[in-house]
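As structure tokens, the structure follows; a few thoughts come after it.
The letters A, B, C, D and E name the chains in turn, as written, and every chain counts its residues from 1.
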Amino acid sequence: MPLLSRRTGVISTLAILAMIAAACSSSPKSPSVSSSNSGTGTSSVSSAGGGSSGPTSSASSTSSAQSSSLTPEQLANVNASGSPVTGGTLKIVGNADVDHLDTVGGYYTTTYTLERAFTRQLFANPASTDPAKAISVVPDVATDLPTKANGGLSADGKTYTIHLRPDVMWNTSPARPVTAQDFVLGFKRLCNPTQNSVGAPGYYEGVIVGMTEYCDAFAKVKPDVADFKTFMTTHDISGIKAVDNSTIQFTLVNPASDFPNILTLPFGSAAPVEYLNYLPDSAEFRQHTISDGPYYIASYTAGQSYTLKPNPAWKQSSDPIRHQYLSEIDVTLGPDEAAVQQQIAAGTADMEWDTTVPTADVPQLKATKDPRMGIYANYDTNPFEIFNLQSPNNGGALSKAAVRQALEYAVDKTAIGKIYGGPNLNTPLNQVIPPGNVGYKEFNLYQTPNDAGDPAKCKSLLAAAGYPNGLTLKDPYRTSGKHPDVYQSIQADFAKCGVKVEGFPVKASDFYGKYLSDPKAAKQGAWDIAEPGWVPDWYGNNARAVMEPLFDGRHYGPGSTDWGDYNNDTVNKDIDTALTSTDPAEVDKAMHEADMQVMKDAAFIPFQTQSTPLFHSSRVHNAIELPSSINYDITNVWLSGS
Amino acid sequence: MLRFLIRRTLTGLLVIWLISVVVFAIFFIAPPNVAFLLLGKFQASNQQLVEQVTAQLGLNKPIPVQYWDFLVRLLHGNLGYSYYSHEAVTTLIGRALPVTASLAIGAAVIWVVSGVLIGVLSATHPRSIRDRLATLFALTGLSFPTFVLGLILLFFLFYKLHLAGIDWFPGSGYIPLTQDPWQWFLHLILPWVTLAVASMAVYVRLARGQMLEVLGDDYIRTARAKGLSETRVTFRHALRAALVPIVTQFGIDVATLLGGAIVTEQVFGLNGLGALSVSSVVNQDEPVIIAIVLLAAVFVVVANILVDILYAVLDPRVRLE
Amino acid sequence: MCGVFILFLVLVAVFADPLSHLIGWGPTQQDRATGTTADGLPVGPGRIHLLGADQLGRDVLVRLIYGARVSLVVGVSAAVAAVLIGVIIGLCAGFLGPAVDSVLARLMDVVLAFPFLLFAIALVTVVGPSEPLEIAVIAFFSWAAVGRIVRGQTLAIREREYVEAARSLGAGNLRIMVVDVLPNLIAPVLVYVTLLIPISIVFEATLSFLGVGIIPPTPSWGNMLDDAQQGGLYQVAWWFLTFPAAALVLTTLAFNLLGDSVRDALDPRTERLFAK
Amino acid sequence: MPLLEVRDLTVSFHTTDGLVQAVRGVSFDVEKGHTLGVVGESGSGKTVCTQTLIGLTPGADVSGRALFDGQDLLRMSSAELRKVRGARIAAIFQDPLSSLHPLYTVGWQIVEMIRAHRHIARSAARARAIELLDMVGIPQAASRVDDYPHQFSGGMRQRAMIAMALALDPDLIIADEPTTALDATVQAQVIELMMKLQAEFDTALIIITHDMGVIAETADEVMVMYAGKAVEKADRRTLFYFPHHPYTKGLLESIPGSTAAGEKLRPIPGQPPSLISIPTGCAFHPRCQYVMDRCISEVPPLFDIAGGHTSACFLPTQILGLGEDVDRERASAAAVGRAENGAAARLAARATEEIETSGVHLPDAGALAGAGMSDRSRDPGTSQNSPDDAGTQQ
Amino acid sequence: MTALPHGTSPAAAATAAAAAAPASTDDDDALLTLDDVVKHFPIRRGVVIKSEVGQVRAVDGVSLTVRRGETLGLVGETGCGKSTLARCMTRLYPLTSGRITFDGRDISRLSPRAMRPYRRQMQMIFQDPYGSLNPHRRIGSIIGDPFAIHGVADGPERKRKVQELMELVGLNPEHFNRFPSDFSGGQRQRIGVARALALRPKLIVCDEPVSALDVSIQAQIINLLQTLQSELGLTYVFIAHDLSVVEHVSDRVAVMYLGKIVEIAERAALYGTPRHPYTAALLSAASVADPDRAAVRQRIVLHGDVPSPIDPPSGCRFHPRCPKAQEICSRVQPDLVPVLADLPTHVTACHFPMADGEKLGTAPVEPADDRPPGTGVW
């Protein structure tokens, strides 16, 4: 039941070993990553109010603050004053290249930023300064959102029939329309058995009828162009049908209220037949991308630069969410965070690529209310403490809820917040589900003064649980970015509670592979606690992207992200409800219930949700942040004179 | 000469082969969990896919077999493909090489020219103020770890100047020479200095020591007795003789530049071989690591052979056999 | 002068515990109230933290003091280990004839041809960092340089008439190596040790800086500098860069000066120990 | 007027161990076309003395006068001196292998010498170099001109040095131990060549050597140096057959196979002094058999013995020559000289005692007289003064 | 063509031995006998497997006898092989071929271990008074080395013995704890002598013991060596390039040229009536510290240099430089044989030995254009 996650492609300033950070953050499931990635203040988060998949935002109703007003920084940052101007070259500067340019594998937020310009999906998140809208689902190539009312969704909730806009064109010569068959091919390509298909099929296998079978069959194909081509042209996914050139039909195994959400991911992009001539994301592929968006990749030098030009085949009338204001977009790679910041501040560049404002610069920029900076909620929970419930260490102490509950009091969340830049960039979190995700509702079962921890209470509870002499816990931590700081902070906190934390540094690949996701390691007590993080792959209606992967214990096994082997019938039932129910309120309620249950069982210590500080030059107008890429939407930006 | 080349090439190949064995041995100690890194947490639970990817990469075979496959591929001039970018390792290295070459060559020019010059000037006036200053400079330079120097230069010459509104030195990044020579130069000044200082210090000492020794030699007395000018004695006679060991040392230093380049490239955000090597180490991108380690070893071996040849060119007494 | 500094350093390292007690902060003690600002930025030098605090609110001075411990322990033990190995192997290579020599010399070639920093990172990444491993890695990549020089000197000493004299008296290889060759190596070996110590200290700091050295929260100067550069923190917290950097530079400088004067005193002929 | 007139030349160096008084007031003349032999043991200052003249002792404190063709070499600017060096005063050194630059061809080095002083074309200079090499007896000079020094044999190297010295037809050649590094047969060749060329070009020559044999064959006048001073000067025959100074006498008697030596050699006891701590009075007094009281406190001036023969010794000027009889004369004169004084007597007694303790088994007391003394001249830096040494050396 | 590979033919050697030095092993008089001793240093080249491409024929078939109690002088110019021969005699070098008999026993193939007892009986004194003493050891320990190595004496006894030795050679025994650098060249050479004497050897091979010393000091050491010889009944092999020193100390003198002995004779005979042209030339070239004698003597100036021992001339090795050389000299290697039947102790290896009073002219041949030895890579 895989989900996917992405990397927020942020790289720490001057990161010696910038690449270490990169590697760590690229570790599959999300976020936990980058050191300078940070959360915004409460205000922005509360305003976000949680997105939802449907037109109605059920999540927002549960959020503690309903206000949709934006903070001054965010408003100022958009720079929407004046009317759009066409022309100009947008200069983007960043550090490293995308993970994959092909939508079958592209998984970094940076990749999403770029893909927004030259790929299109059936549905999409609109660019909006209203956080709720920004995570809502709107039609992109599709003409409408399918509902039972408009006949797009069958009565049993299992069949989606989607009509395509007629005038969406590929920039082939001659230009030709994007067809339903192109979308079908896009889904077929997801199953390719090269390692370039990162996490993609997971969201579709088991959801769309026949997808699993298709992928299994595809897996046996020899990985070369001809065999792939033959396979894809001769085999079909039974649950995806091109009814005609402009109609596509999906049949699902079970009703899935979040299916439109899933279709907003770039994995669901249309693919022109030309792509059959290349292995997915091969070097040749990268030189021959074909665009149906407002821009196309005119030149690309791996690791060094991109040049994007306006796509002549693209029509504004065909695209409800994108624009084509710019005459060119140049991406230059290499400089690190500090240099990027300097260049944009100096006006020689306009926008960040994979970096953010250096954490240390934020307070000053914020103090001077610099209009070029904006701080945006990530809707993540990052990092947090996870317990290995199976650990035999300390006499299996961690399997006891009372012990874990005691430890919930130990953590000084303010201190961890400071590591990530303090209240400007993150907000303490006391439940599993962060804002912007379905089921979010603020509550706190383990209150401590100022969220700063209560060692005394922890100690007494621990003693009451039968461990007056404390515990000794093994804590694998990654060596990049802020991970060591977080580990050290936890170590200091737990020490005050009489718990000795023995940390040991591990490779990024081992952190999950050898420890968190390896049931054998868990059973042997190779680790007791760990501090991973989680960035949902989409927001709003996303039980499939938060609660299910983290706490559905029914699928526990190698590679599971229910790292601690938490398994609770109540939670499992709630997850099933949330995945299948078409009633947003019911989904929201089920998720909140699950959240309460997990927190009661203290399977998890939430720390905070983060925000990201972004920066652009003063030439940049209409800079609207997309939560999915944690960057400005380049298809909406326009530049003022010069 | 030819015999010499053949012999040295063969022993060099032996060294390189041993190194490749050692590199493989490391992976033998702790085989990388590449499939996991590649597939991500969720896909990694898909055992079938893991096995598939592992098999694709040939990682399911015993290490000795993998090593054999590697050797066979190597003999076909194929260094393999990165696990991550899927680009040919040669492409990756080809892309990173100009950066490192720019960095290394520039730094080498700086350190050799200034190091030798300072060393010579200090040796011609031993125990003078300038000699003492040169020695102090040399020892101080020697004591600055590359990364500390890099950070300090960045802090003062980039950050502080930047705050003061002066942007003489870009903080980081690399502009290809072909794209904009001036920017290329500007972007590399601080890295060059960073990489050069420690070695420069060494060359000051080396040149000084060699010059002092040579200046005490009988043929320098002969040169003076011939009525030659002091400049000619210093440069034409003394430096010429002192140059032989300096050149030898230079060959060794150039060969081991990669170590310094790793740190410098990290500090200044240059995407050269150093950065590539570190990222591949962290990612356990075995084909890339092996290629870089071998490339570095080849470089050392070739540099050593070149040094020997140069030695013979510089010193007619040496015959290569 | 440099001797005084080194002595001071040793004393500081030895008495780190009472010193930190005196200063009032532990090496891993996080002063969250006054050590960092609300935004998580470290607080500069002042009454509470004489040399400022780090990103977790720990006292920079106290951490510097404990860092000296790591630097000295790693630096000295790695240098001594490297020199011991180097001397033994160099002595054998130089003395025991061409067969032994060609094997050992090739071994040294191999070690010297390694891109050692890269290899060290790879090794530590694979095996997992620890202080003994760090010492071993540094020693492993340093001994060959010493070995090569010792070998050269042994080859020269072997041809000296007093070695011939010993042979003519009937002395065996072992006796000649120990009684006649070794004492001649004491001076250069002493020089190598003093010069290798700063090199090892820098090596240690570099590994820690690259995140593959001493495990946090144990303070080492390299760790501190690594912390300082994370997120460009040093740009707003100069003390965080300056003090560990100064400690590192002054220490290596002191050892270099010491090595230099030891060399001047014992071995006027300069010989390169290291390429880098 | 002599070609070179050196007066009261004093050279000293400051070293970390103290002031090295290498040359202490030496005066001599060299006539045009004549050969002056300078003889002395290591550390006697003979090399420093001549190298100072042509400015090859940088860092030295120099005083005195050295008129070369009327100009004072010691007062010349370095540029003026450079014009003299090589062109008018050439030099030949002891070890021809180390004295030639190993990395340049022999021809290149000669050409460089010529072109440093004469503005002539490279080709002309090269032709001249070949001619010179041919003249000094290098076979196939035209091809050997492009050889490197290491491709020459020892004798050929020294010939090349001689060719280089002669290149600009100098007025004076300073040859510093020109044959010491050579084998006997080669030495004979080289000396022969030098003498022949000197006669041919009428060049003045200063030959510095420790080998009395070389002196006997080459020098017109001889100057004997000891501890930085000229102790005796005379023409060749006078010096060999009628030496006055006990040091000269000792030197001659030490040579195996010399006329003076019988079956048993008669070495000078003790060791030459360190130039840092030169004994008071006559520097030779601690080793002198005929030491008198005044020798310890008073520096003997150069006494005129007879026309051009001078000697720095208080012994009566009429006591000249070698042999038993002369020795007895010297001994009795010395006995008179120290008659009433204790110091010299005590010294003598000490010397005897030393001989007796260390030389019991050995009849030849003289050979062992200096056994207990430590010699500082070789290693000034490492010398450790022992009480014994202080005692014997006063 | 007729010459055997290693010089002297067996028959000739036998003749020579019978005549010059009565058969070795059963002759009480002979302390050390060398029989056709050869020492070649291989020159190896090769890519991987080194093959021998040539040899430096440092010692190329030397036979001689050292009699008890005598001093055998060995003279020759640089590179003639005399030092190599000294090291062969003392078995510091393994022999390429030939036989060495010491005190009646064949020691030419003994292993280092088996050699040890003989080392007590034969010692060396080296040329360089600086290089032959380990600068880092105290002289007491240096002189005590022989005792330590052979386990002869320990502790206070060793110290006493060392101090006795120091006295014997004229050193102050109180200087026991000093380092070699505290001593002058002459004194260091005394230390070397003391070390050589420690085990009361029968034979001392002196390799240029005084050539590094100043004249006045040289005389001291020569006197010391002579005194010790007469007191302790030592046998010396005395190697030097200085003919007058050798003349002074030796009973018999052997002259070496390019790895071979060209002449052996009693001192007076050799210096008075040299039979080999090379000996004559060498003697005539020696400088004489006597202006009148120097003026009248006739010097035979040899042209050219000593050829390389890697590729020595055919036949008589001296022929390219010999004023008397004839055609046969370049073909046939002469044997070392007595010149006059009535003087069996004077042997020379020459086809045309010099007659009494014969004067040599200058060399008829052009100077040889030989490269000097030692420039190759070996």
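By our rule, contacts are C-beta pairs under 8 Å (C-beta built on N, C-alpha and C of every residue); 3 or more make two chains touch, one makes a residue touch a chain.
Note that the structure is a prediction, hence the values are computed from the model and not measured.
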{"item": "Third chains touching both subunit B and subunit A", "value": "C"}
{"item": "Steps needed, at minimum, to go from subunit A to subunit C via contacts", "value": "1"}
{"item": "Centre-most chain [mean C-alpha coordinates]", "value": "B"}
{"item": "Chain whose average C-alpha position is farthest from subunit E's own", "value": "A"}
{"item": "Centre-to-centre distance between subunit E and subunit C (centres being mean Cα positions), rounded to whole Å", "value": "53"}
{"item": "Distance from the mean Cα position of subunit C to that of subunit B, given in whole angstrom", "value": "21"}
{"item": "Residues within subunit C bordering two or more other chains", "value": "125, 209-210, 229, 235"}
{"item": "Residues of subunit E touching at least two other chains", "value": "375"}
{"item": "Contacts with two or more other chains, residues of subunit A listed in rising order", "value": "14-17, 20, 338, 507"}
{"item": "Subunit B-touching residues of subunit D, taken from the complex the two chains share", "value": "51, 54-56, 78, 82-87, 90-91, 93-95, 98-104, 112-113, 116-117, 148, 150, 161, 164"}
{"item": "Residue ranges of subunit B in contact with subunit A within the complex", "value": "32-50, 52-53, 56-57, 83, 85-88, 91, 95, 147, 151, 154, 158-159, 162, 167, 170-174, 176, 263, 266-267, 269-271, 275, 278-279, 282-284"}
{"item": "Complex interface listing, subunit C residues touching subunit B", "value": "106, 109-110, 112-119, 121-123, 125-127, 198, 202, 205-206, 209-210, 225, 228-229, 234-235, 238, 241, 245, 248-250, 252-253, 256-257, 260, 269-270, 272, 274-276"}
{"item": "Footprint of subunit C on subunit B - complex, ascending", "value": "11, 14-16, 18-19, 22-23, 26-27, 29-30, 135, 139-140, 142-148, 151-152, 155, 159, 198-199, 202, 205-206, 209, 213, 249, 252-253, 255-256, 258-260, 262-263, 266-267, 274, 277-278, 281-282, 284, 289, 292-293, 296-297, 300-301"}
{"item": "Subunit E - residues contacting subunit C, complex", "value": "87, 90, 92, 112, 115-116, 119-120, 122-124, 126-128, 131-137, 142, 145-146, 149-150, 192, 195"}
